[in-house]
Every structure is written in C-alpha cells, then in structure tokens.
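Common to both upcoming complexes is chain A, partnered first by chain B, then by chain C.
Right, the complex of A and B next:
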C-alpha cells in the first residue's frame, strides 16, 4: 500500500503593508509623542557632537602622535635594536595564525565526526569580526613617516594567514601538538626581545609593556590562582582558611595599593641584596593581585562540574588526584574560558595603573609627551589621550566580543 | 599508620600552617631588619608626627599629625563615594533601560555609550577628564559664569547651594524625627491595607506627613538654611557649594565608567525576567509603564542588586585612582606621607586596612540584602 505524501503548500508570506523606509522611521523613531521628543533632542545632541568631533579631527595637527609613535608602541626600545620587536611581531603572527588554524581544523573534525555539515566562516564575516583591529592598524600606519612599517605589517599579516592555512592542512596527529608549539613561540618571542644582547623587560615600554604585563600577569597568576581555588574547595579547614584569607584580603583592596606596595614596600620584605627593578616589582604585585581573582574564576568553573562526575570517577576506582586531573579540571577549565577572557580584558585595562608609579607604558607615554618643549601648554591631551584610548578600546572591545562569541559556542551557562 | 587518611589530613594541615608561618616569619624578620637598617621605626608611633604637606581641599596645614591627615583623606574618599553611588545608579539604570527602548535612536545611543565607556581604562578617563577638560578651563580671574548659578575655572567649581544658619542643627534633628514619623505612617498605612484591602496610598501619606512637618519647622525656625549663590570677588570665590575641579573630574569620570557597567547589569537583569511575565502582564491589560513598574522591574531588581552592589565596591576601590590628578583622598595622602620619609610598609598596611573596612562594610550590605531577598522570594 502506498501512502501519498501530503503536499504542503508553502504558505504565502504575509505582506506587511507598512514596509517602506518612511514607515520604519515612523514606527521606530516617532511612534509616540515622547519618543518624537526624545528622537529630536537626542538627534540634535548627537549630531552636534559628531560635527564637533569631525571638525576637531579635520583641523587637528597630529604632529605630536607622528613624532612619538614609536614611544607609544614600544617605549624607549633602542633604535638600533628595532628588528627585535618586528621579529617578535612575526612570531606572534605565526602564533595567532597557527592557534586559529588549529581551532578551526578541530571544529571541522568534530563536525565531520558528528556528521554535521561544516561551513567555514566566510571571509567577509571575518573582516566584520575584526574590523576594529584592522581600523586601528590602519590608523597607526597612517601616522608612520616611512613605508617600511606598512610593508612589514603586511608581511606579518601574510605570514599569519599562511600559518593559519598551513596548520589547518596538518594531519590531526601533528596538530595535537599545536599548544606546545604555541608555548615555544611565546618563549621564542621573549628570547628574540631579551635574549643574546637584547633588551630586558625593565626597559620595555609603551603598548608593548601593557601587553607584556597582561600576558605575563595572567600566565604567572594562573598556577597560583588554581592552587588557591583548589585550596578554597579543600575539605581540610586549615588549607581552606589560608586560601580564603588570601583571596578575600586581596580582593578587598584596590590594585593601586598593591602596586604601591610593590613600588615602595616590597624592598623591605626581601633580603636587601636582592633589588628587583621597578617593572619586575610591578609584575609581582600584579601577579599577587590577579591570582586571587583567577582563583574565584576557577572556583566558579569547579562549581559548574556536576557532583555526579566525581562520584562516577570514584566508582571506577580513580584516585582523588587522577579524578581531579582527568575528570574535574578539564571540564572546570573549559567552563572558565569566557570568564578568563574577561579577566584578561580587565587586567589589560588595569595595566595602565603602573603609570601612577611612573612606568612608561602607553598611558604614561601619552601623558608625558605633552611636556615636550614643542608641545608644552598646547592642550594636546585630547589627541594623545584619545589615541591611547582608541588603542585600549579596540583591544578590549574586540576581545569582549570574541569572548561572547566563544561563550555562545561553548554553550557555557546553558545546559 | 602512615596510610591512614585521618593522619594524613592532620599532617597536611600542619604542614600548610607551618609553611605559612615560616614564610611570614622570614618576611617579618626581613622587614624589621631592613627598617632598622634604614633608620625607620618598626611600630606605629610615627602617626603623631607632622604630615609635612598641605592637603588640597582641607584646612589641615603641614603641621597636622599624620593620623589627622589620614582622617581627612578618608573624608575625601567618602565625599567621592557618597555622591558618586547615587548618581551612577541613576545614570546606569536610565542607560540600561534605554538600551531596551523601542526608540531606535535612544537604544543605539545608549548602546554606543556603554560599548565605548566600559572598554576604556578608568584611569585614562580620569586623565582625560582632568587634563583634556578641566585644565583647559580658563583661569580663576576669567572664570566661566553661568547666570550666577555655576562658576567654573580650572581649579574650582562652585554651584548654587545652601548655607547653614545658626538653627541648622536643631532643624536637621526635627527633619530626622519627621523622617521616622513618616516611615511609621508608611507602616501604618501598609497594615491598614493588609487588614481592610483598601488602597494604601502609603507614599502619598508618608510624604505628605514629612512635608508638613518639614515646612512647619522651617517656618518655626525662621530660615535655618539660606540659598547661597557663588560669586567671584576679584581673586576669591565665595558662596555656593564649592569643590575642587579635580574632585568633579574624578567624580564624573568614575561615574560615567561605572554607570556603563551598571547599565549592562540592568539590561541583562531585565532580559532575564521570563518572557511569560511580559505576556501575562499584557494579558491582564497593563500599560507598558505599569508592566515595567509592577511586573518587570521588581523581578529584575532582585537579579540586579548583588552585581550592582559589587559595582559599588569597584567604584569605591577605583576612587583610589584620584591619586593621578592630585585629589587628596586616602591613597594620595599615604603616597605623600611615604614620600616625606614615613615608613612605607606601615603606611601601606594602614591604607589596605582602610579599604578592607570599606569592602567589609559593603559585603555586609550584600549579605543583608541577599538574606532579605531570599525571605521575600520564598
């Protein structure tokens, strides 16, 4: 017996009689009398602000940024050593490219295993996702006086794209070692900058120093934070007490007090023949501060692991240590990724605080160039601080958007 | 015995405590040694010595003892906190609700504000507000004067305000009593409503009672406070509510920054109220403002309050950034005292202790609020 499949007619899409642009305006801007009022007032305000901004930008003399661009980017890195930051940039391009490629290939593999179609993100969408970065790099390159930086940046972009496509084509067995390669690249970046007659981090500056303090702060604080988080969840009261005391004490004070401690008081607590430089002491303070926050992030991840997981591990006879390493931590750390990115962003913004102690990072550089004789008293703070603000904004905005994307993809918080 | 879990647990704890004690002892040993080697005191008796610097925005001279300087610093920090928290709450709630407005322009403008402000370091905003805005104002002699209501120059801002007359103290006392009475009336009306089911109008009743008592006592005391307009007399600014321009720069910068975070929390909390609530409110024919006031906001508030109080804590801690523009709050005074040769470890310990007290106070409030909320929900 054959059953004829019922034929469904595609229902006609109801045509909204009000679809013109004028109707849209009426519906979204002037639907009630108070919305009309708001639209007019706000429109006028925003319009005049935009006109002021554009007029200011067109009439401004950007000499102060053009002259000091290198100071903003890498501080007082010796001019004859400039190849080092560039080499580091290329290594980082390879790092970003290969990690991105590895993640994309992993997603493709998982989709194939699950029998789902995999569509690569279209190039237009990638451009849309990273437009702030592209815009920022263009703005920075517009302030350079020779074509060399633009060419070198183009080269780095190509190298990054190349390593992206190369990593995607690697067989899965080799690709699994990308993280090791990434760690080697991070170490390599440091060696290229500081190794064999290079410049140690005490003399770094500008945006480069902000990025270093952020990355190093998170990297150093992570093991400490992990230990504190596990300690806080421990069943041993003494260990729990020590962890809770440390975490709550540090979270109760502002970062600036710890930085003051690092700058002015840490010298009293260590043997007097040990005299770490100012940047190192800042890094110690940041690490101490950040570990308490990372501990709370990791604790959140640990709490997200269902209790049944531990019980199941015990049931198959895993030791507590193995349970932690193979069952709890992988799930907990995966759940913390978005919060960790948030922590990274807030530390990136907080690294400006070392300016108060006179460390020459980007904000401090943007501030002190106004004391240069040729720019003194000209009221150019709007330009320099605006430039620094743009750099920080692009960094944090892009990262926070990516972290929201990641959150959706990992499905954290929706189970 | 060595494989007994109970023994191991005790041993692990003893080991942990021992490590902490040894580390602390080594640090303490180094500290006392280094302080003595530097010829600095190892106790807290130095707090009675003179501060040695002027504090902008207070009457203390360089001869005042350090502890008085610290108290003045706490006062200046609190001046930021007490004014800042209500203002940032209002701004944050308005912007957060605006992001969900049906007016496209309002929603976009609020979104623009939030996305720009919360992704810029607060210290940069403070630098900007002070160096790019306040310092570009004219000097004292050429102050901007807006209809004798506001006078602005690059050092001071004076706003029209009130000056206290001799009877101000008793008047304030009467106002406090009036407030207590009106709270009592509120309670009475609520009970009346619960008993009889008749409309309570408790807001109307209690505010009416307060206004009557306040106006009556104001007339009885014969102007206990008087309107005072700021005026510029040659080189001195007089009358009105005066503040350092640095204070307003820090206040504006931190309020704008923190409000952008509060706005996100408010928006998230409103979105977290289940859709069914909106639909139910529509089904019983509430207007959109009634729906917001009686259905959505009360539920959203319960979700929003703990993270918002956390933002208050962040705001309080961020007031320490005022050090960058020379406003005399507690961190700056500590910094100046250390620069004047006072021992850094003790001064910073005091500073951290003060911020810990602030934090403790705020987390106490969080716990109280949470407990109250739980009682309400169950």
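Right, the complex of A and C next:
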C-alpha cells in the first residue's frame, strides 16, 4: 500500500473513469516491483493452502464427527434419557423468545412515548443477525444420521419465534412479569434435565457442559464481582482491604491453579461425604476467578461515571444507596459492556480448561475420540479440533456481535 | 475581611433569616478556600455572588448543602445546623435545590424521570402524582413537550431548564445556582435567565453564583463580591455599578463589565 501525495490541481471530486477493482489491484498490489513480488509470493502461498484445505475437506471422511456427534453435544448423557436435553432445548427456546419479545415490545413502548420512530427489524435482517448460529446449526444437523434432530430443531425454532410474537402482543401489565416467567423457565430447564431420575450436572458433558459452566459462571460471578467492586470503593477500611486482597490474590493466579485447587486441595479439606462433586467444585473455582476480573471491569465503569452525577443525586436528597442503584450503576454497567462481554467470551473458552481434570467437555471430547479404535492413527485431529474450534468461534463471535449491537442500542439517549 | 455593616441588608426581604453562616472556614489540604465567612440570608432574598475564579464562590454555596464539608464555624439552613449526621444532611438537601454549571442531568433517564425521580425516591410519592408534579415543573420552565426525551436530545439551554425543574420538584425553600449559564452558548443564556427571574419574582430564596450582571440588576437584593476566599464587599447591585469601594472590586468589575 502507498500513501499518495495530495495533488492540488485536481478538482475537488476527481473524475476517474477507470476506478474498478482491477484498478485498485494495480494501484495497491502491483505498483512497485517489490510489491508485485510480495503479492505473487503471498498469493501463491495462500492459494496453495486454500487448495489443500478444500481438498482435505472434500475428500475427508466425516465419519468421526458423525459417530461422535452426540458425545460432542451432550457428553455421556444416557441414550434413553435423550428426551431431556430436547425438552430443555424447547424450554430455552421459549425463554429466549419470550425475553426477546418482551424487550422488543418494551423498546417499542419507550420509543413511542418519547415520540421517536420505531421500525420493526425486517426478517431478512434477523437472519443476517444470527447467521453464524444458523450456519453452525446447519453444519451440525448435516452430521446427524436421522431426520429427527433436524425436525426437532425446526420445531424449537418455531416455538421460539411463536413465543416471541406472542409476548410482543401481551399487554404491558402482564409483560412486566416476563422476568418471573424467565426464572421459572430456567428452573424448569434444570428440573427437566436433572429432576425425577434425570442426570445432574455432575454427569453432563460436551458442549452442553461448556454452555452450562459459562452461563452459571456468569450468573454467579456477576453479583459477586459487583459486590467486590463496590467493596473496593468502600469507605470502610476493613471491607476495602478484604476486597482488594481477594481481587489481587485471585487475579494473580492462573485459572488452572484454581481449578486444580478446587479439584484436589478442597478434596482433602472437606470430608468426602460433604464434598461437592467435581463439576460443582469447578463451577466454584470459575466463579471465584471470574468475579475478581468482573470486579475490576466494574470498577473501571464506576470510575467512568462523572462525579457531577453523584453530586446531582445528593443535591436532590437521594440516599447513597439509591444514588448507587439508580444513578451510578446503570451508567457504570453501560460503560462496561465491551469489557464485560470480552470477559464472558474468554470465560466461554476457558471452560475447556476443566478438561485437565478429566471432565469430558467439548474440546476434550474432540480430542479423545481420535483414540477410538476405528479412528486411531488416522490423523483426524484437524477435523475434530476444527469442529470444536468452529463451535467456540461461533459462540464467541455471536457474543461479540450482540455486544456491539447492545452498545449501539444503548447509545440512543446518551449524552 | 467581612463587612458587619451590611447585615442590615440581610433581612431586607421579609425580615426572617433562612440561611446563616458563622465564621465558616474551608480547607482543601493546605489551601484555604473559605476564610471566616459570615453571612445571613433572609427568606425570599436573592443574593448574587460574584468574584474571580478560585475565589471560593462555588465552595461557599456547596457548603450550604454539604456537597463540601466546612471545617470550622456553623452553617444553619432553616433552623437545621449541618453536622456529620447523615439525617441532618438529608433534611437540608431536601430543602435546598441546586443547579450546576454542567447541568448534571442523568443521561440514562428521560426528562420526566429526571424530574420525578427525587419526589418518588425521597418523598415517597406514588408514580402518578410524582409525574404530574414533574409535568407542572416542566411547564414552569416551559418545556413540557420534551418530557419523554433524553437529556442528550436537548439543547444546553433546555437541559439547564430541566435541571431547574428537577431541583424545583423537591419543592425546596432555597435554590442554589452554581454558574448556571457559564456552560451555555450565548443564544441560550436568556431562556435560562428568564426562568430564574420568574423564580425570583415568585418569591424563591436564591443564591446565585454568576457573572450575569443584568440578572443581578433585575432581581438581586444583594451582590456579594468574593476574592481569595473572603467576602470583600457586599451591597446592592446599584452600589456595585455606581460606587464600588474596594480596589479589588473595581478591578474585577472593570474586567467583566
């Protein structure tokens, strides 16, 4: 690439008839002899890599993924209990649909009250918004051997969309209780999976476990991190001291250390009949670890709220607690969205670390299937790890996209 | 240096004192921001405080609602002496409204919520009546039509008027203004001053830190000139325009007029 010197004789809007892609290529890739050389060399390298990849993918035998798909998705969940994860999927579809519908309707109401135009998002844009997930689900369904999973997925999608449109049409008075409905659905999801002779989270595995550890880790670590952040700013030296010590201690240690500590040391400290299961201990370790980082993210957000906000709240007589709850925290948390989502993304990927303790999450599953007799020594690591990588990438990228969207949304009405 | 002689003016409006400062000192580290301030303000009186930057004008009014804690002396607002007791402080803050140079509206709340928040949270008013009170206040500052917008969608002048409405919604007995027009574009100053003049004519007790001498001339009962943390000269607006006594006052007025 080159930087062109400004040409002052030219008119303000240069008329350039040959401004096609070819022109761009000539100007940027082949403008000097060494650029030409670089372009040819790098292009050749890239091209041959692409050809190799395509050949590999086209000629690859995906049997290893096809056979082990269930292991990747839900680990060793008993085959005769398969209805449970599916039922849970439907409940989650209702959850996402109704919460989404409620949020959309709320936004529409607020926009109408503020006299701002509100345009419903066209369906094509919704597809575009979730294309990575749609693509991933299609890829996964392509590996299934019966049509049942595809039909069930289609059903769950329809149920989710149905709950979305239903919730949007609810009157505001009822819609206000969506959060309670959502809590019931979350509890219901757990009961469906684990209750009445089901499978508790100690025996979950695959992607299912990664997702569980991520969501539960966020749900538990967020309030704890919030308290630590507030504690760090407390005027009481004891509380401040405890918070700072905790945050700095935990942040100074790799997550693996905490996981090992949870798995091994706690095992020695607590008598075996009281000892929580391995996954529970992992969840505790993840929560403790994440909360320290979330505390620092929140602290950054708290510092971003101008002092004038607190003064204005005090001047109208709001109590310190009310000021924190209604004035400081909403603005602070809004400012932390990018960093917070970044933290959540790394948590999602860090859940693979529980594998070192022999917990069969997605990455570990993708690894060990290569030791199955029929695939042993066939060098299919690229295939299985690539599949796991694709799943993690789609999850992380979707979180990242949604966070940017949320930022833009909340940007409305900012100063 | 304080001017005891001018206390006769203090109770000019109604003859009843509402704010009393006695020998108030305030330090920021080693720097003394307020030096032995004595001042009494009568009910319904409008006092304009002027002075060069760093003279302690803002600190003075911020000590009245405890945004700053005075180090020595007494501050009494409507019979309540400010102490470290949080309940005392809250009580004083309920009776004093404040308007800031930078508006300090809550950007994540609509105009209506900005104004009705304190009545709901502090006075425990039900939502409906707090909102109708807020609408009354917005009508008083002449922007009821902006109620559902967010502060970021308003002009500076409109934002400052919302800030005034927010302070008024607590139905305070005293209004403190900390350079309310200094952050505004010139064409918006008048709309804010008009609201303040209305307020003064309606009998509100006001302490206004400002350099708008036109405002002082229109409604101030007294003008206080501060420099280096001291009250240098106190008098009627006319006195300041025609016959300032102190050298520092003359110098300052020659710079702003």
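In this text, the second predicted complex is superposed on the first by the 359 of 415 C-alpha atoms of A that agree within 3 Å, B and C clash if a C-alpha of one lies under 4 Å from a C-alpha of the other, contacts with A are read in each partner's own complex, and residues count from 1 in each chain.
FYI, a residue touches a chain if its C-beta (ideal position, glycine included) is under 8 Å from a C-beta of that chain, and two chains touch if they have at least 3 such contacts.
Computed from a predicted structure; not experimentally measured.
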{"item": "Contacts of A:237 with chain B and chain C, given as first, second, both or neither", "value": "first"}
{"item": "Touched partner set for A:113, first chain B, second chain C, both or neither", "value": "second"}
{"item": "Partner chain(s) touched by A:219 [first = chain B, second = chain C, both, neither]", "value": "neither"}
{"item": "First, second, both or neither for A:187, with chain B first and chain C second", "value": "neither"}
{"item": "Chain B or chain C, by number of chain A residues touched", "value": "B"}
{"item": "Residues of chain A that touch chain C when the two form their complex", "value": "113-115, 306, 308-309, 311-319, 322, 326-327, 330-331, 334, 412-415"}
{"item": "Residue ranges of chain B in contact with chain A within the complex", "value": "9, 12-14, 16-17, 20, 27, 30-31, 33-35, 37-38, 102-106, 109, 115-116, 119-124, 127-128, 131-132, 135-136, 317-318, 320-321, 323-324, 331, 334-335, 338, 344-345, 348, 351-352, 355-356, 359-360"}
{"item": "Of chain A, residues touching chain B in the complex", "value": "28-29, 31, 35, 38-39, 42-43, 46, 235-239, 242, 249, 251-257, 260-261, 264-265, 267-272, 345, 349-350, 352-353, 355-356, 363, 367, 370, 379, 381-382, 385-386, 388-389, 392-393, 396-397, 400"}
{"item": "Of chain C, residues touching chain A in the complex", "value": "65-67, 90, 93-94, 96-98, 100, 102, 104-108, 110, 117-118, 121-122, 148-153, 163, 166-167, 169-170"}
